[in-house]
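The two complexes that follow have chain A in common; it is paired with chain B in the first and with chain C in the second.
So, the complex of A and B:
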C-alpha cells in the first residue's frame, strides 16, 4: 500500500506543475473567452453578467463576416494547394532521388528557414514584391518592355508569403512518409512491368497519405487563422476573418464579438478535421 | 532498358533543377532582407552600395535594444521553466502507467493545433479580467504554455529509446528514488533535454502572435517592436535587427539539429 501511495505522489508531483501551467494559460483562458462570448459586454469597468446570443447571431446576420470567413477558407485552400504542388515533388526528389550527405545537407537547408521569425519572413516579402523591388527588376531583366509589376497589397502577395512560410511543413511531413517507403517495393513493381504513373498512383501516393494529410492539416489550420500575413502583404486587400478577430481586441474593443468569432472559427476547424479524418483513414485502409 | 535509364537521367536532371528552384524561392526573401540591411539607401534603392550605417544606427536605438534584451531574457527564463516542467512530465509518461495518462497526453495537442491568434486573444481576456495584466510576466505564462508540449514530446522521444532497466538496477542496488532520478535518469535524458531547451528557446524567441496581444505599452519584445516599425513605415534599421534575429534563430536550430542527431545515435 505504501508503494502505491508513493507512486501516486510521484505521478502527481511530476505531471502536476506542467498541467497546472497549461490549465492556467490555455484551458482557463479559453473558458473565460467562451463565457464572455455569451456576455453583452467585455471585462471592462464593473462587470455585470448579462447573457446574450447576439455575438453569435451577428455572424449569421452580417454578410461581410461570412464573406470574410469564406475568403479565409479560400486563402487556406490556395496556400495548401500550392504547398502540395510544390512540396510533394520536392520531398520526393529529396527522399528518393538524392543520396547520402547531399540529401542530409539539402534537407537541413529546406527546414532551416522555418527557424527564422515568421513575421520577419513576411516583412522580407514586402521588400521583394514592392514596385522597383527585387521581383520587378528580375522580371524586367528577362522581359524588358512589359509594364511594371507591383504586387504590393494584393491577394497574390498574401498567397506567396503564406506559401513561403508553410512550404517547409509540407516538405518535412511528406519527406518522412516517403523515406519510410521501401525502395525494393518500387523496384519490384517496376520489374513486374508497372509504368511510372502506375507506381506513382498505386504505390507512392497511397503510402504517403499520412504525410500529405499531416502537412495539409498543419498548413490549413494556421493559415485560416492567420492575421498579420494578410495585414502586411494584403493591405486593403487583406481583410480576413483573422484580421477581424484581431481588430475586435486591438482596435474596436468588442471582445465578446471577437470571442464569438474565435469559437466559430474553431468550430469550422474542428468540422474540417472531423470531416476529413474518416475519409483519410478509409483511404489508408483501402490502399 | 536503355531508354528507361535515359528517361531516368533526364527526370533526375529536372528534379534537381526543380529542387534548386524551391530552395531559391525559400531563400530569396531572406537573402534580399539581409542584403538590404547593408545597403546605403534609405528606400532600398539600387544599385547596391555597401554600408554598415544601419547597424551603427541600431546601436543607439534605445527601443529596439530594450526589446532585444527583453526577448533574450524572456526566452532564457522560458527555456529553464519549460525544460524542467516538461522533462518531469515526460518522465512520468515514460515510466508510469496510470489512469488518465492518455487524456493528459491528448491535452498536449490543443496548444499546438489551435491557431495562436485564438490562444493569444483568450489569454488577453483572462489575464485582463483577473488582473494578471499584460507585460513580460504575462508573455512568460504564454510562452511556457506553448513550449511545454514540444519539450514533453522531444524528451519523451529520447526516453522511449531507453527501458527502465537502468533505474531498476539502481533501485536494486539501494538507491533512493530521488538518487536514481538525479544520478541515472537525468543523465539518460540529458541529450533530449538539451535539444528540447533549444527548441523552447526558439519557440519563445520567435513568438510574435501571443506576445503581440500580451505586450503592454512600453514593455515589449523584438517581434512586436518589428511589427509596429513595419506598420509605421520601416527603414533598413528594421532589416538590420531582423537579420540579426534570423542569424540567432538559425544558429540555435543548427545546434539543435546536431545535438538531436547525437542523441539519436547513442
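So, the complex of A and C:
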C-alpha cells in the first residue's frame, strides 16, 4: 500500500509539470480563443459579452471560404505526398544502406535546414525560382535555348518551398521506424525466396507505418494552416485559408472570425485523423 | 553603464524642469519624428527669426497623438494632424480655431488642399494644409503611354502586366474611384466586387513594400502598378529607375497633413509663427532639396523647386489636385467589409 502511494506520488510529480505546462501554454490560450470565436466583438475597446454563432455560420454561407479551405487541404495533400515520395526512400537509404560516419554526416545535412529561420528559407527560394535565378541558369546550362523558367508566384513554388521546409520531419520519423526493423527479418524473407518488392510491401512498409503516420501528421497539420509560405511564394496563387485567418488577426483585428475559422480548420483536421486512424491501426495489427 | 543611465536621467530631469520654467519663450511641437519640423537647420532658422526656442515631442500613431492631446492639455502649441483626424480633434476640443489672417503664406496654399472640408469643423478652420501625398498609378516610362485614366489598370494591353498592393482598403478604394464612388463610403459594393474581379487577367503579382516594388519593377514583373507618390519619387530619383507616376482624372487616394494649434497653447504667437514658417517656401524648398519631402500644399514653394523635381513636375500639376479624395478614418465594420471583398477577389484570382 505504501509502495503504491509512493508510486502514485512519483507519477504525479513527474508528469505534473508537463500537464501544467500544457495547460498554461496550450489549453488556456485555446480556451480564450474558443470563447472569443463565439463573441460578437474581439477583446478591444469597450467589450460587451454577446454570444453569437455568426462567425461559424460565415464559413458555411460563404463559398469562397470553403473554396480556400479546399485549396489549403490540396496544398496539404500535395506537400505531404511529395515528402512521402522523397522522404521514405531517403530514410530507407539512411537506415539500411549507409553506416558509420557517413550516416552522421548525412543526418547533419538533413537537419541543417532546421538551423536557419523558416522565413529565410522561404525567401531564398524566391531567389532560386525567379527567372534568371539559380534554377533557371542551371537548367539552361544543360538545355540551352529553352524559354526562361519562371516559377515565382505560382502554386508549384508554394509546394516546393513547403516540401523543403517539412521534409526533415518525414525523414526523421521514417528513419526511426526503419531503424527498428530487425535486419534478420529481411534476411529470412530473402532466404525464403521473397523478391525485393515483396519484402518492401509485406515487411518494410507495414513495419514503418508508425513512422509514416507520424511524419504525415507532423507535416499535414501545420501545412494546411500555413500562411507566410503561400503569401511569399504564391503571388496571386497564394490565397489560402491560413492567409485569411492571419489577415483577420493582423489587418482588421477580427479575433472572433479568425478564431472561428481556426477552430473549423482544427475540426476538419481531427475529422481526417479520426477517419484514417482505424485504417492505420488495422494495418499495424495485420503486419 | 549604470552611471551613464543615471547621468542621462539627471540631465533629462534638468532639461525638463528648465523647459517648464521658461515656457513663454518656447514653441512645443507634437509630430512624427523626422518629419520636417525637427530638422536642425529649420529649428535654427526659426529661433534666429523669432527668438522662440523649439521643443519637440513625438507620437507613433494617430491614436497616440490624440491621447497625448487629451491627457496633457496646455503642454503643446503646434500639433501635426492628418486631415482624417482634424475634425475629430476639433470636436473633442483638443485644437483651437485658426485665423487665416495670421498665416502670411495662407494665400499661396493650393485651394484644393487649403479649403478641404476635412480641415474645418462646423465651418471654421482648424488646420493649415502642409504636406500631402498619393497612392496612385506608377508605370514603366520605357514601355507605357499612360494617358490619364484609372482604366489603364483594366486595359487589355497590359494583361498580365499589372501589379497591386495586397491591401484591402487600397484596392477597394481604387475600384470605388473607377466606378465613380466615394471611396470612404462606397454605396454600390457589388459594382466594386465586379470591378475587382475584372482585374483577374490583368494582375501579375502583389507587392508589399517599397523595396519589393523596386525589385519587381527592376525584374520587369509589371509595366503598370499602384504605388505611393513619395516612393515613386525615390525610385526615379535615388535609384534612377524609369518610373513615371500618373494621377488619373477619376481621382487618386490622397492623404493630407495639416498643422493645428492645440487648445490652451501656452505660446499662441509662437505657434502661429511656427506654422507660418513651416508652410513657407523657405522651409519647404530646403527640406525637399536636401532631405526629400512629400509634396507641399504651398504652390509658391512648389514653383521654387527645380523644374524636374518630382514634387513639381508630377505633384505640382494643378489638375492633379482637382479630383483628389482624401482618406477618412474607416469604421471597423467598413474595414471588415473591405477585407471580405478583397479576400473573395483573391480567392477568385487563385481559382
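Heads up, the rule we're going with is that the second predicted complex is superposed on the first by the 262 of 287 C-alpha atoms of A that agree within 3 Å, B and C clash if a C-alpha of one lies under 4 Å from a C-alpha of the other, contacts with A are read in each partner's own complex, and residues count from 1 in each chain.
Quick note on the criterion: a residue touches a chain if its C-beta (ideal position, glycine included) is under 8 Å from a C-beta of that chain, and two chains touch if they have at least 3 such contacts.
Since the structure is predicted, the reported quantities are computational estimates derived from the model, not experimental observations.
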Chain B versus chain C as contact partner of A:130, first or second or both or neither: both
Partner contacting more residues of chain A (chain B vs chain C): B
Which of chain B and chain C A:33 touches, first, second, both or neither: first
Partner chain in contact with A:252 - chain B first, chain C second, else both or neither: second
First (chain B), second (chain C), both or neither touched by A:11: first
Contacts of A:71 with chain B and chain C, given as first, second, both or neither: second
Partner chain in contact with A:244 - chain B first, chain C second, else both or neither: second
Touched partner set for A:93, first chain B, second chain C, both or neither: first
Shared chain A contacts, counted only where both chain B and chain C touch the same residue: 130
Chain C partner contacts - residues on chain A that touch it in the complex: 62, 64, 67-68, 71, 130-131, 152-153, 231, 234-239, 244, 247-248, 251-254, 257
Touching residues (chain side chain B, partner chain A) in the complex: 12, 15-16, 18-19, 22-23, 25-30, 32-33, 36, 44, 46, 85-86, 88-89, 91-93, 96, 98, 104, 107-108, 110-111, 113-119, 121-129, 141-142, 144-145, 148, 152, 177, 202, 206, 208-209, 212-213, 223, 226-227, 230, 234, 238-239, 242, 245-246, 249-250, 252-254, 257
Residues on chain C engaged by chain A in the complex (per definition of touch): 166, 168, 203-206, 219, 332, 335-336, 339, 343-344, 346-351
Complex contacts: residues of chain A adjacent to chain B: 6-8, 10-11, 13-15, 17-19, 21-22, 24-30, 32-33, 36, 42-43, 47, 86, 89-90, 93-94, 97-98, 106, 108-121, 123-128, 130, 132-134, 137, 164, 167-168, 171, 217, 221-222, 224-228, 232, 242, 245-246, 249-250, 255, 258-259, 262, 265-266, 269
